[in-house]
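Chain nomenclature is as follows: A, B, C, D, E and F, assigned in order of appearance, with residue numbering initiated at 1 for each chain independently.
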């Protein structure tokens, strides 16, 4: 099994019961999650040795984060304590035609206010196979833009594969800022989660009518030949509770696509993309066949939609059993 | 913004958790609602000055009604206190093929036992643009039959537009009684919610094979040329939790129909028609285009199905954002 | 109305809230049920005089069983008390593509440890019209294999019709053991629930391509001409919450099939087959037409999927109203 | 074991979660209960053959009543169906210094609207040892005043002991009306639940300073020498959740008093008096010693305060174990 | 009835179920509250015309605040919208010996970031009888220190009585900062909530052994002769759920003390002091007798402890009924 | 910090909501716990390196155990997988005078069926400071009687201090069996939890009237001079929710007693003794003063009563803060 470090912000999510507006909710469900933390949990579930690096306040919500990670067997060795607050966000759960609505309250968080490499003396990348980070982190501040690059560079030097999930968030930075940052980051990346919109608006690739993801993956790799794997999911949104999900993977200049999963009924969509990324990384570490890889990762992402919480809660064996069953019969 | 009075009965609804029979329920959800109250809430959400006129007992359930209305910014100035009881009704929530089942316990309520105009000295219609009432009110008693007519006549004289929702309930009166009452009420009405069954059984319009609502609206208006707007929804019931909903409107002798909304999954269907009526009234007050009107009202009705409770809980801006979004993606 | 005895094990079911894994559940829903107990409840709902024979420990969980049965008007006259424990099982509720997962903890139960006819002196079959038992009972132990046969033989002599639901469970015994037991039991049976897989693997009937159930029923009856009714449901599983269900019945050498019920959304699938069996037995006791019989039983099974718990909670009148309604409109 | 009939009204109770006002409650707990029904449940728990006679509407709430009684092994043979509605009442649960507040909505109920003996042809009193009724029943209407007397007279003739719980409710009738009715009923009663206030205000007994219940019991019996047992509880209310409870009994001209039970914390006080009455009747039927009787009944009443719902849910053995344990240690 | 303006911060409170640690909570209860908002709700309940001035973000949590206030009949006319976030705080509910623990996350809130009088043009004090503010507001920032004084001065000029609740919070400012601010504010105040610790540490009054509050009130008034009423509660904390509460009032140079309320069991202590302040202000506006005043206010504060939420939810009539009842008997 | 191994059975606890009988519970709370596991969690909370050795089935309930332990930072390195089932037990939560009632269903568990040292090759005691086990383990079977002794002997040889909690359970073995086993185990023990009843009935020490624990500790040590620490709590049970708890410790021939904690209101008493034991072990490892030790351990035990679940959920710092606070004031 591999040794993996993921680094990013983790937040408290407060979400409504479906059918209740946020402003009228008398109680809210509490979950902890964040893109890189969710990937960490997936990989720990699959048996890898995983570390989640972040910074949390030294209070009860910080303890909530620690217990969440420990329960999933993610090491908190690189989880720093300090700063003012844990970022929070509120989800008014959508249903049917009505979308889920996210309200962020993440400014001034312990993690966002980091301005220099606080893990410098801690041996963060020693013996590490993969370092995973997402585009949310450089979006948090100009300090974080520099720091993300520095961390990636250091990891690369230490021999890590660099995994990067673009995850563009327009509320955090502009397309221009993101594009400029990607230009310096992507040349150092090995595995990248990117989609068509990223290609068009953040990498300047021209749109081609009716082209599918294979086309854009090829173009992306032409720009960044260092990328050995590019991946993302295609999602057809029928309603908040019914989506079709298909995984795609560009590997060794070949394009792979999973079977389509009809997600009906969706319990909780948050973290679906992270479950896919976690599945791809596990597959890259343990499998040889691109089709197997994308099938595994998509099955993992599909399963994530069936449970509350940001994180995938299934072992590799459970994901495989799920892939191989052809019906939803009761398993007795 | 306009000034609107709606008048009718408001009740306590006690409903089951889906999947549990009423007789085995260890707890019941409590909501307050009624057709005219629900329309009042919709219009208050859209920024109008709205008054709900009714009568409730001077007890804790009456206070529940007051708090419900105040929270939604509906004025309780014309909410009389007195009488014996608040009407209640029980809903055994349906699911899949099984329908929801309603059990009324509304006899002897404070409102039903009104026998004369108790608002006579209160200036109920001063400066009011629209007076909205439904066919449930005259169905409550013979006193209410006379009183409804009297109120409409007074409102008309005071310069109000009269809005009337036929809302025939066979448990309260016969088709014959309803038809006779409508004959005296409808000549005074400006905006009327009526459907095909109303046309056939309450207005004596002959059925025409394969005719759609446009045909019946035209016939209704021929009978009552005073009606400037006639509207209702078409609902295809696939199951208790999956319906297709299309709004229709006859305005200035023109027929408009909204796009069809696929309601899947339905949280709570009660009050869907009232949300449509509220949307139409708002649209009549603020828009010029029939298509815009019916689109807004149908979107409002569709949104109502996504929340628990009898009332629409969305502002005009939220309804418009919903209309303009073309997917159920997470709104971050 | 008829007098019916059903005999079998009843267990405590502990199930998760949909969307939560069993290992992370902070609370579990508790229901009591078992195949034969569920059939007993159905028949009691339909107005028959029903006795459920079993053995439960003399503790609070045993009392839970007693209260469950009494509430549904099933007599506990033949419910013995003693032994060590009540069998339990855990259900991790599936959703969408993910199946429900059952974890049994039923070994060493009071019922399973019975080794001889403990009802011998109690007049179990006096005046009884139908004795119903399932293939789970002989699967519990070799003692139960002998005892089941003995009970059936005694019942037969006492003039009961014998109803037998094959209900093969591979975790309890092998196909070979089951087949040998069926060979001695089935010649005594009148009404049998059996499907294609039973025909193939437990009765040695050869598969015929594209043959439907009619073909297998005919073959089964050729083997066991004593069977006057053979029945089962065909289920197409679209997802854990969406199934299509069709009932089938072989009666007097004729094949009947119900209309297909689209079960969307399924609340709880456990006990669906028992509700079908209960419906068939009621129909055999009270109806003359095979089509009516299978329609009633399938409607009963469809309704079961709309409520939590193992047992059908609808009266014969409610099942019939459900059959005759053609939509899921609100019933006011 | 004895055969007992109790007769009276049963209602749906809707109560709040402690700490929540009724008008703001988003859900309410549902229980079924009524004085005589609660006594019936107690006696059925203790192993007697018990019938509860009443009238309920033929709807889902009526079914709720039936299931409630069946679960507790009370026969519904004399439970008539018909009429308009089931009485309901709302309880805003008190806590600490704040009292529970009851809001009745019981007028026009199926039971209250009975005007003649609808059980006349049903053999209500055949072989019955005790007929139990309370002062709430004659308070419901003038018809019920006559009918209660008629039923008691008939029962008496059939050889029943008459048990009567005065249970004066000032919202239903005046002290004068009650006093007049008691004057004709009490001469026929054998066992009577009555307290000091009943003696003073309904029987015209003069107050004597510092006299305890013994004094009043003696005076009551002087008035009605036919009374062989008079009983009630003394309750010191420290707060809504902390009461001291002592049972008292006048039997064969002797006064007995139980040890004082410190009820802290009280879960649900509704039905405490009925549990005491049920305990006394069981004790009269099965014990010989007055002290044992009052100890058993008070223990039963104390236990009732530890469970939600109107009814005592403990067997005679459990009551006795509770009496004999001298601590609240965990029972392993 | 009077016209009252209260001004301050309002926050979202997220609190645990008693018995569950914050870090392990899977759901949290949501309430909106703040000292001045809670006083506003109390006074609105008592029938006054009340305005709550504050600033909230223009998002769903802001809407939650608006609905909370409207439901309680507090005008939102002076509730500004804008800024970044709504302050939140978390309460890990204590039980028994364990205290409740509060975790604030209030920095950077819309209200805290106000730097100048944003109500200047809105006629905030027109016709207002009382302006109420607390010491939390000047503690928020140096801007707020200046602004609080400015608002008080303006209100004073407009003819308002000034009500000030010292409410010292050591996490927001030092004793020295508070003392300096009080020195300029208190000379303008009419009604002041202050206790012994305020006297000692914020006003420099010397401690006198065994002196009770009367002594300190006298000293405070010697310093600030403008104060016509000084008040606070004495609380003996037996445990998190059992407190004794006594109200005290210094009025017209006389000392009044309420009877002691034994609060057992406490549902929610947050807002108890605000309920007392609200009671005092109502009493000052409507009563003439100091003893009546302090009795009313203490009863209101005691009642607050029996409901969830920050605000008192009882009308003046309910408070008075509570004062006059001498037991916690069920009110039927 | 020290390295500690605890070994024993861990079970699934299913408990009722207070006020609901087990047989009527529609849902049950789920917790994992066991004496030695609870001690492990306490010590991990206090910062020690802790291993819990046990055996669990390889199913979802086993996974529940793993996640429970990981969340609390207890190593699962010695947690074997295999066997048939996880022991379960049901708790009907007591309230007021009514005791909690425990129903065990633990026979045939994976742990109970162990017959030989399955950790033999795993280095269970390498570098371990304390090995903790309880008297429940040898009570499970005669194999376990031998095996417990073998493990203790091996641990002793490896240099571990032996910690033993007598924890006699009459449902598992007789006093005679226990006494015989203790005679061979106690001579090897260093720290022992034992009370007066253990002294009398399991060690044959004679009762001395009015003697307190000091007397019995002295006698116990006379028998087993190897015991360096003997400890237990004295509990006065006022009701299920109100207990007084005092800790006692015999250390170096000196007797120490903590202040008495008034536990009112108790949330969950299960695991209180284990929290005391965990506190003593931590104190023995880190403190020098007997009084400090017993104060810490008793505070830890008191805190445990304020949270749901079997395990203490407080850090050493939190326990100390709790000891040093003298009231239950809100901590802001």
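Here, a residue touches a chain if its C-beta (ideal position, glycine included) is under 8 Å from a C-beta of that chain, and two chains touch if they have at least 3 such contacts.
What you see is a predicted model; the values in this text were computed from it and never measured.
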What is the graph distance from subunit B to subunit D, where chains are linked when they touch? 1
Please tell me whether the contact surfaces of subunit B and subunit E are same or different in residue numbering, using the over-half criterion. same
For subunit A and subunit C, what's the span in angstrom between their mean Cα positions? 46
How many Å are there between the centre of subunit A and the centre of subunit D, using C-alpha atoms for each centre? 63
Junction residues of subunit E, two or more chains touched: 21, 24, 26, 67, 101, 265
Quick one: which chain pairs are touching? A-B, A-C, A-E, A-F, B-C, B-D, B-E, C-D, C-F, D-E, D-F, E-F
Quick check on the complex: what are the subunit B residues that touch subunit C? 18-21, 24, 94-102, 104, 169, 171, 237-242, 265, 269-270
Quick check on the complex: what are the subunit F residues that touch subunit C? 14, 21-30, 59-61, 63-64, 66-67, 84-86, 88, 90, 92, 101, 103, 105, 107-108
Show me the residue ranges of subunit A that touch subunit C in the complex, using the header's touch definition. 261-268, 302-303, 305-308, 313, 322, 325, 327-332
Note which residues of subunit F are touching subunit A in the complex, please. 67, 70-73
